Structures are given as C-alpha cells and as structure tokens.
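By letter and in written order, the chains are A, B, C and D; residue numbering begins at 1 in each of them.
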Amino acid sequence: MRVITAGILGAGRIGKIHANNLMAMTGVRLKAIADPYVDFKEWPGPAVATSKNPEDVLKDPEIEAVLVCSPTPSHAEFTEAAAKVGKHVFCEKPIAVDAERVRATLETVKRSGVKLQEGFNRRFDPTFARVRRAVADGEVGDVQLVRITARDPAAPPIEYVKSSGGMFADMTIHDFDMVRFLSGSEVEEVHAYGAVLVDPAIGVAGDIDTAVISMRLSNGALAVIENSRQAVFGYDQRIEVFGSKGGIEAFNETPARTVLRSGAGVRHENPLYFFLERYQRSFVLELEAFFASIRGDREPPAGGNDGLMALLIVLAAKQSLLENRPVRVEKPASIASKKG
Amino acid sequence: MRVITAGILGAGRIGKIHANNLMAMTGVRLKAIADPYVDFKEWPGPAVATSKNPEDVLKDPEIEAVLVCSPTPSHAEFTEAAAKVGKHVFCEKPIAVDAERVRATLETVKRSGVKLQEGFNRRFDPTFARVRRAVADGEVGDVQLVRITARDPAAPPIEYVKSSGGMFADMTIHDFDMVRFLSGSEVEEVHAYGAVLVDPAIGVAGDIDTAVISMRLSNGALAVIENSRQAVFGYDQRIEVFGSKGGIEAFNETPARTVLRSGAGVRHENPLYFFLERYQRSFVLELEAFFASIRGDREPPAGGNDGLMALLIVLAAKQSLLENRPVRVEKPASIASKKG
Amino acid sequence: MRVITAGILGAGRIGKIHANNLMAMTGVRLKAIADPYVDFKEWPGPAVATSKNPEDVLKDPEIEAVLVCSPTPSHAEFTEAAAKVGKHVFCEKPIAVDAERVRATLETVKRSGVKLQEGFNRRFDPTFARVRRAVADGEVGDVQLVRITARDPAAPPIEYVKSSGGMFADMTIHDFDMVRFLSGSEVEEVHAYGAVLVDPAIGVAGDIDTAVISMRLSNGALAVIENSRQAVFGYDQRIEVFGSKGGIEAFNETPARTVLRSGAGVRHENPLYFFLERYQRSFVLELEAFFASIRGDREPPAGGNDGLMALLIVLAAKQSLLENRPVRVEKPASIASKKG
Amino acid sequence: MRVITAGILGAGRIGKIHANNLMAMTGVRLKAIADPYVDFKEWPGPAVATSKNPEDVLKDPEIEAVLVCSPTPSHAEFTEAAAKVGKHVFCEKPIAVDAERVRATLETVKRSGVKLQEGFNRRFDPTFARVRRAVADGEVGDVQLVRITARDPAAPPIEYVKSSGGMFADMTIHDFDMVRFLSGSEVEEVHAYGAVLVDPAIGVAGDIDTAVISMRLSNGALAVIENSRQAVFGYDQRIEVFGSKGGIEAFNETPARTVLRSGAGVRHENPLYFFLERYQRSFVLELEAFFASIRGDREPPAGGNDGLMALLIVLAAKQSLLENRPVRVEKPASIASKKG
C-alpha cells in the first residue's frame, strides 16, 4: 500500500483524536501538526512534529493530504489554502455556516482538482453503515420512512450553546446528513417543532433543547428526527429505515453485552457515554476511506456537497421553527444563481 | 361480586368478541344480542339469546348495561336510546364522526346519569398500561416527548378505505388517544405529512397510507406519530415516552418468546399478527373496567370526552394535511359555543 | 362441538384453577367438584355443585371425565377408581412416587380403555410448544444438546421441603419431562451434582437447593439441567435446544414488554413471578387438549407413560446424587419383569 | 509512560496479531520478530526487523520483554530461555501439555524473578471483564453457579484435531480458565460427558466434538460448560454467573447492532464470526496489562499458575470422560511432591 504523508491543522480535541488514529494507521505517515493556539509542551497527543504556524504544514512539499481540524470559522480558509497548493483535504464539518461561503469553497476545491472529504463520521459507524447497506441492497425495499432519535447525555455549557449556531446546526446537522445518506434521497421540505424543556437558560440564550423535525424527501418518502439535549441514561442514537419490504433498526451500542438480573430488576448495559465512545471506530474508518479515495483516485464517500446539502436543510429547519410552517429546502443551484 | 346483566347491539366481528369475553367473565351475565343484519343461524358466536330487533335489548328491564357494537353511523343513536332508558353504555369508538353530534350525545348521556365508556381498548393493554403507570408514577419525570409507531400488517380493501373516513379517523385516532392517555396532556397543535407509498389505489380513493404527524402538547412537550398501512413483517405497535428522568419504550408482543439461530441468521419471533391478536387481552380488560365502574359508581376510565378529544385532533390533522400547515386543535368548549 | 361433562376431585389450589378454566371453556360442562377436606362455604372457586364425597363425582353417570387434583398419595387410587367406572382421567403429576405403583395404575387404565392425561402443563406453554415445533419441523436439525435453566423465585417453606420427595421429584421432574418432550429422545443415563447454597435448613432436612444434572440421551445427544430454589429476580425458566442446523432458545415471559431507561440504568421487565403466572395459559391449553383427545378418540399428548419415564429419571438422579456417579435410567420393561 | 522494548518469537497467526497490536501501542517499541520457519519476504505483518534466529531476540540487550508465539512444543523452552536472560515473558497458552513440565518452567521463571503472563486473552474481553467485575463487586452475591456455552462456528480440519491434544485441551481449557476467573474459586471435581455428533471423522481420530462438563468448586458452587465444535450460526460464546443476589449473563457480540424486520422474519445480527473477531480487543488489552505489570512491577493478571490449574482440570476432565466417573482435580502441590 502506498504510504501517504499527512499533516493536521488544529490540535484540539478532534485534532488529537485524528492524530492518534493516523499514528496507528497502516499506509499513512503523520508528519506534522500545527496550531497557533496550543501549547505543545503540555499537549497530550502523540509524538509528532508540532508547530505554531499552519504554513509549516501547508508549505511542506512532502505533505500530500491535510486534515482541517481548526475552529469552524477557519475551515473554509484552510480548505481553500490547502486545495490551492494541491493538497487533498479532509475538513471537519461544517466548511462554513454560510451556504454561499461553502459553495465558493467547493468551487475552489473543484478547480484545484484535489479530493475533499467532510467529517460526517457517522456514515462510517459500523451499525449505521449496516443500515445503509440494507437499504442499498434492497433489503427494506423502497424507502418509505426514516426515523432518527438523537439525544445527548447532557446539555452543553451555556457558553457553548450561545456560539453553537443553534441546535440544528450543532446537533441535528448530523441527523440531516444521515437522512440523506440512509435514504439516498434529498430533503425537499422540512417542518420543525422545538421546545425548551431541559434547561430554561438554553431558551434565554435563544436556542431550543428539544425538537421534532419532519421532512418530505425527493423520492416521496417521509422522515422524522427527534432530538434532545439531555437523556439522563446516556447518549441515545437510534435509527430506523422502513420500506416496502420491511425495516431495519439500529440500536444503541454498549460497552459490553451483559444483562444483570437482581432484586433491583433486569438491567441491560447503558449506552456508550457520548460521541467519542460511540463513534470511536467511525473516526478511524472515515480516515481510512479518505486515504483510500486518494490512493484510488476516486470521489471521497462524504464530499463537500454533502456538507452543503446538510447546511441547507439546517437553514430551512431554522426558518420553519421561526415561522411555524413547512419550509422548502433551497437547492444548491439557486444559491449559485443568486450569486450570479 | 354483584352480577350485572348485559346486552349487546351489533353481532359483527367486535360484537362477537365482546360476547365471548362476557361469557367467560365473572360478575356479568350476557342475556341477549341483537342485530337486524345478521343471520343468527350461521352465527359463530356463543350460545346466547339473539334477536333481529334492538328494542329487545333496549326494552329488557333486566338488562342494566348495553354494549353498542353496531356500525359507526348508528353509535350515537343507540347510545342516546340506551342512556334515555337508564342503561349504562359501552360504545365502540367513535360515537360519531361529527364533533357536534358527539357533543350532543355526551350531553344526553350526562343528563341521564348513566355511565358511558368508549372502546379505547389500547389503554388497557398490559404493556401500554405499564407505560402509563411509569409516567403517572414519575419514573420518566416530566414528559418531553411521546413517540408512537403504528403500522398495520396489510392495507385494508379499497372499499373499506373509501368508507373509513380517512386514515387519521380510522387508524391514527387510536394513536391520538394514546398521546393524550400516556402524556396526561392535551394536543394543542398538529402538523401532518402524508403520502401514498403502499398502494396507489389508496391515493385514487382520496386517502393516504403513510404519515408523520407531529404535535405540540399543552404541557409544552412534543409528540410524533408515524403510521403505515403496511408493514410486511406484521403489526408494528411501538411507543416511547421520554422525559426529564428517562424514557420508557414499549415493544411489539409476540406469540412466544424464542430466538432461532440457524444458517439463515438469528431470528426472533414476528409480532402478533394484527389487532385481534395483539390487543386480545385489552378487550377483556376494558370490559372488566367498565363493569367495575358501574359497580363502584365511578367514572369509566375512557369516557365520552376522550372520544371527542381524539376526534377533534383527527379533524385538525386532516386540515393540516390538506393545507400543509400546522393547525390548532379546536377546544370542545368552542364547539358548544358555536352551537349556542 | 360435543359438550363433555366433567367433575373434579380435589378443590385445593390447582383444583380451583382447573375449575375456573373449565367454567370459561367452550365444549365442557363442569358439573361437580368434590373434596372431603375443604369447607366449601369459604371456597373461593366458581359457582358449581360441591360435595365432601368423591363418590358423588365418581358415580355420577353424566360425568364423562374426571380431573384428579387431590394430594399426590391419592392420585393412583382415584385414577384407578375413575378408570374402572369408564371415566376418562386427567391426573396431576405424579400418579405415584413409586414406579411400581405407577406401572400398576397404567395397566388398570389400559384395561379399562379410557384416556389418561397427566398434568405436564409446560408442554402446552406457547413458548415451549414453539421450541418443540422447531425441533419437530427440523429447524434445528438433529438435536445435539438440550439445556434447561429452572429456578424458583423463593425456596418453599421447610415443611413443604420435608414432604416434597426431594428437589428432583418436586421441581426437576418438570425439566426431565421437557428434556424428553423437546428432544423426542429418552434419557439413558444421568449424573447429578447437588449443593445446599440457598438455605442451610434445606440441607438439614436432607434435601438440596441447587443442582446441575447432566444426561445422555438415547439418540446420542446430551442434556443438562440447572436448578435453584431461589433466583431473587424471579422465576427463571429458560431452555435451549441446539442441533446440527442451529439452536432455538426460549426466554422468560414478562408481564409487559417494556424497557425503562433512567439514571438507574436500562431496565427490562422482570420475569412473571411464579408458575401460576408464567404457565397460566398452559393450564388452559392442557385441558383443551385433553378434551379434544376424548372427542377425537386419540391418545392424549402427555400420557401416563410420560409420567412414569420422568419418575424413573428422578430415581436415577437421586441415586447419582447419593453415590456421586452416573446412573443408568431404569427401563419401564424391567420394572414389569421385576414384578413378575 | 516508560517505553518498553519488546521482541516476538514466532511469526504465525497469533504472532502477527500481537506484532500489529504492539506497533499501534503507546509505550511499547517492537524491535524484532524471529521465526525459523517463516519466509519473511512474503510475511504480511508490520514493518519490523525480522530474523530466522530466535537468539537474535533472546540476546538483544535492548529487548526487555519477549512474546512467545511459537508452536506449543517450544513454549516451555523459549519461556525458560528468556527468563534465564532476565527478560519478561508473555507466553501463549499452554506452556506445555505436561503438568510436570509446566511446574518446572514456573520454577525457573520464579528463580529468575521476571514477570510471566499467559495468553488467557478472554479474561480481558470487555464483556467477560464486566461479568468478573459484577462478581468481584458483589453484584450477584455469593456465586452459586457458573454456566458457559462455547461453540465454534465450524470444526477444525481433521489433521488439526489429531494434534490438538483433544477438545478439552484445545477448546475447553479457555472455559476452565473462565470458570476459575469468574468464580474466584478452584475447580475441585469434574464430570464430563462427551459425544461425536458433528463429524464422525473426529471420533475416528479419537476425539469428541460435543461435551457437557459439570464441576464442583472449592467454595461449594457448581459449574457447567457445554461445548460444540460446530454452531452453524457462528461463534457462540455465552456465560452466566448466578448467585445469592442475582445473576449476570454475557451475550454474543455482533458486528453491528441492528434488527432487520422483513417478510422472512425479525432478524438480529449474527455473532462475530470466530475468535479473531470476537476477541480482537482482548488481544490488545492483555498486552497492555502485561506491559503495565512490568512498568508497575506487579504480578501479571493471568500468570503461569493459572495455566497450570487449567491444565490440571483438562487432565481430570479427560480421565472423567474415559472412565465415565467424576474425577478430582489434582493439586499443584501433589505434582511437586510426586516429583520429589
């Protein structure tokens, strides 16, 4: 297998996870990680060359692929910078919170001819990938309904909420992507109900913590997502795809597979605590897929357009919530035309 | 236990089920069943006095309670007739498809001082009753979300569809009642997406076969129902109530409790085939509750108002589907006032 | 369906259960119940003619079938008495605790030409019947292993233990019958390990409360039963039959089908409390099968020979426990020959 | 974390697995792997120094720890050789198939003062470790019964069977270790039933393919293992520990967590195919524990004595099968005294 040399921009939580995964990955050499805001003397990540200067990664001729793990506001800039110097890019989602900015970045990437993969890691989760395979192989027939339950174990700090772009952009965006990924269809229209039931402070900050979002898809099927910022029993990530030949349901993963029967009842394992535990394997698999795309010179399995589409659904859902009415999802083409 | 003498109006499918259940019930004597349209020589029900004339039941002074199991259009009339002669009434749902007609019947019943129970049998299903108990006992904390999946094993004949009053009136009405029953809240607003995905003939008949209905409840919680007229693997009746302290989920019941592991995979039992099998026990328990209410002179656990409320939600959901917008559920008071 | 008139001898716990079930059963008329030791003024059973004198049942010419529900020491005598006057007999197990006595009774029954069914109710449990069907239909291929876990929710009173005939005769006998029923094979040899781990008083009374019994079957397969007098989480009744094409496993039944997820974990329903709840349905179904055998003039599905075989396994297991060695199960033929 | 330099003897299947795991492990440097019988030009393992000569590993002063992954007959010799030059040893099980040989090796290891861990990887499986924790934490109270079901997906080639030392030495030894590990007790006596039900050729080769082995433990509890060389639905590895306060059961792990409902039934995922998949994680965790023992200068969690004890149970089970009687497990002390 051809060894690809990679660099990382951003040494925060997700940057460190990717760094560790690359160190253990066959066929990839992690050469350097750069972050202007990190004190690398204290850094708990693996032993790799570090730098305060992103240019050290972007200008290194050996580095063929760049992982953009910096804060969201710099995603588009770094993605474009890397693409312009001919480096393939894996960018954490979203590229930008502004659809027009995303579209512009995608055009830059397209012109430069490099691969771009976006960090929709859940597509690579073995359980969800099995669900997708069932759909793709026709095991459930024509898709008629996608249902996603996604609940966090605890609400984030209120400061995080304030800068999160809202629950739909921060949390539901993953579920919107799963609706598209699992159904193989586009979301055409969305209706969102939201509520503040977990923590009044979230409402004061202008956000919601509970939602039911229903959708109409381009193939005629329906979809529904329920979100909560807090399930006291842990991270709740369940999916069902139902169709003309049956349905496939994905359950929560657990740290072990046991049942404890006692005077206190029949107790099964709690779900894995949060996304780092639940989607641990998917972070490895998404990068393996990214590097395989580079080696095989083919489109990455979760490209920039997927990020754009998810963002457009987020925007429609926000508007639906605001105006309490179903809202059609804008088409990427109409963005382009508006620009022109 | 005081023995109560009962009669039945209507000897069709549900009439026969109730007749059999009454025969095996302690504390109840089924004296007669009347149906003008049934040839009792061929009738497969239990050995009980039969008649072509409903008056034989309504005028029998020994009969203290009447079960109205006739076709829907005669429900209101028979309920009123029985109430007026001082007989307690158990009426299959709905009393009428017109809210004003229902309200009028409820007033007649109220004036006559008899008990009225409506056939919302699912409230008595042991699994759903356990869910309700968990909510009532505070085991899930404050209710934040109710989710109901309800799918029939096969679409009904198209003739049935045409006269059914539409999927919401025919099928979803049970789920609307469950939302109210389980949450202990009223439905304030509803948004419905519908589709024809199972059988185009259903669309031609002016109905839908697939739906996602989302709701806002009076306590601030949200609810969502997904319906399908056809799940090829059988009757799919699942519920989840989620709240501030956790969630309780109800699974499908099965004829036995086994798993068969073979070269063809790991196979669990299919769901019980349809509502007669799945809710068999609930048909017994609802009648036991009805007769217990008479004996104890207290309100039946599923009264006429519950039927009226479910009907008002159906009407709002129909309007939402038609106009593709969220619709507020009318209040019973406003019906009364409109009348006045 | 031809109505069969029946009588019951013995109005204790199981007699009352059968009486109630017969009252609700189509095609059967329960005419009388007799018990010399019961004060029928206080009797909580159904409204039926009662008597202190068993002869009132045995001599009633209308009564075609007798259910022997008296204490075990009178089973053989009543069975023979009923058979001699040409009445079909349903006898609670065991007919006697002495194999020779059982054999003699079976001969009497055979000569009289009546039907004899023994109360191996578990064969009629819908879940275990499903397991048997899987085996009979070849779904698991050739049987290679039968495993039974059978645990009571709490140890019986020590007085009961003393007169129970030992755990194997009192409790394991059901499991021995299941091994034969499910495998369709005879038990040829048995090895038993026993221990006193639940309550030392049981050991003082000369019995055990925990056991692992392994067996070699006539078709070459193996079997193993584990018993405990106390599972603090409730009645634990699980079975697995494993074979050349796969395995089928039977789980515990529960009062409802829910999972409650909370801060205290993910809790499934406890098993149904004890045999009255767990095997409720089987008590009805075994009687329906008994009366169907009479109507159809065919062998009952659990006859006297099944009781004899189970008893012979009990005796071998007792000897194995005593001598700590595998013991071959005696053949019914050898009992007969010893007699001669 | 202090980095420990390690070498591997034996580059076959398990050697390669350990090599890959060490490459990805923090705090360990794999310096070399030696195997006289492997053509390293074709070797699919990781990029590491290779040699035909074990001495290159044993004599390398940098190498602090040696993993013995060679064929079983050389385990004792390599373990002793490594211990004598002061290297810590991780040895695949068993050290030898002769108890006296094992005892002698353990003495050599003891004299040299190095750590010795044996490859009882299943102790480190997250699910089984959870079971052990439940027992150790008193969640099931006093252990009364341990039950293990262990079935391979397919019988090994007949040549393998012939040189395997018999099913108990090859397969059940893992389960014997689990009985000791989970119960925290020693096996005192064993009774084994065996049969040839999967493949007659296995019988011709002098072995069995199906077994039920029951045991009496030193704390008074009982245990039972059922083994089969072939479960057509896949690797079946289930465990239950039952005690005075309840029971904990371990289920099969699956590649994903889904249920597929279709016209063909309700299908859950098959078990992970075989031990490489099922116990993948345990191979990593056992090595992490080994190196942590070296760093912390404490006893490894699965030492040489555990291997010896498991071997002594194997020998007793073999004798039991041969003589069809319960056999007491020899004590390590008696081996030593016999030697003297």
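Here, a contact is a pair of C-beta atoms (placed from the backbone, for glycine too) under 8 Å apart; a residue touches a chain by one contact, two chains touch by 3 or more.
All values derive from a computational prediction rather than experimental measurement.
Colleague: A-C or A-B: which has the larger count of contacting C-beta pairs?
Modeller: It is A-B, judged by the count of C-beta pairs in contact.
Colleague: Need the most distant chain from chain B, centre defined as the mean of C-alpha atoms.
Modeller: The most remote chain is D.
Colleague: How many angstrom lie between the CA centroids of chain B and chain C, rounded to a whole number?
Modeller: Spacing between the chain centres: roughly 40 Å.
Colleague: Distance-wise, how many Å sit between the C-alpha centres of chain A and chain B, to the nearest whole number?
Modeller: Between these chains, centre-to-centre, one finds 42 Å.
Colleague: Between chain A and chain C, what distance separates the C-alpha centroids? Give it in angstrom.
Modeller: 58
Colleague: Among the residues of chain B, pick out those that touch two or more other chains and give their numbers.
Modeller: Within chain B, the residues that touch at least two other chains are 231-233, 236, 245-247, 259, 261-263, 269.
Colleague: How about chain C: which of its residues touch chain A in the complex?
Modeller: 231-233, 236, 259, 261-271
Colleague: What residues of chain B sit close enough to touch chain C in their complex?
Modeller: Chain B residues touching chain C: 23-24, 26, 46, 126-127, 129-131, 134, 139-140, 245-253, 255-263, 269.
Colleague: Could you pull out which chain A residues touch chain B in their complex?
Modeller: Answer in residue numbers: 141-142, 144-145, 147, 149, 151, 191, 193, 195, 197-198, 210-212, 214-216, 220-224, 226, 228, 230-233, 236, 240, 242, 244-247, 324-326.
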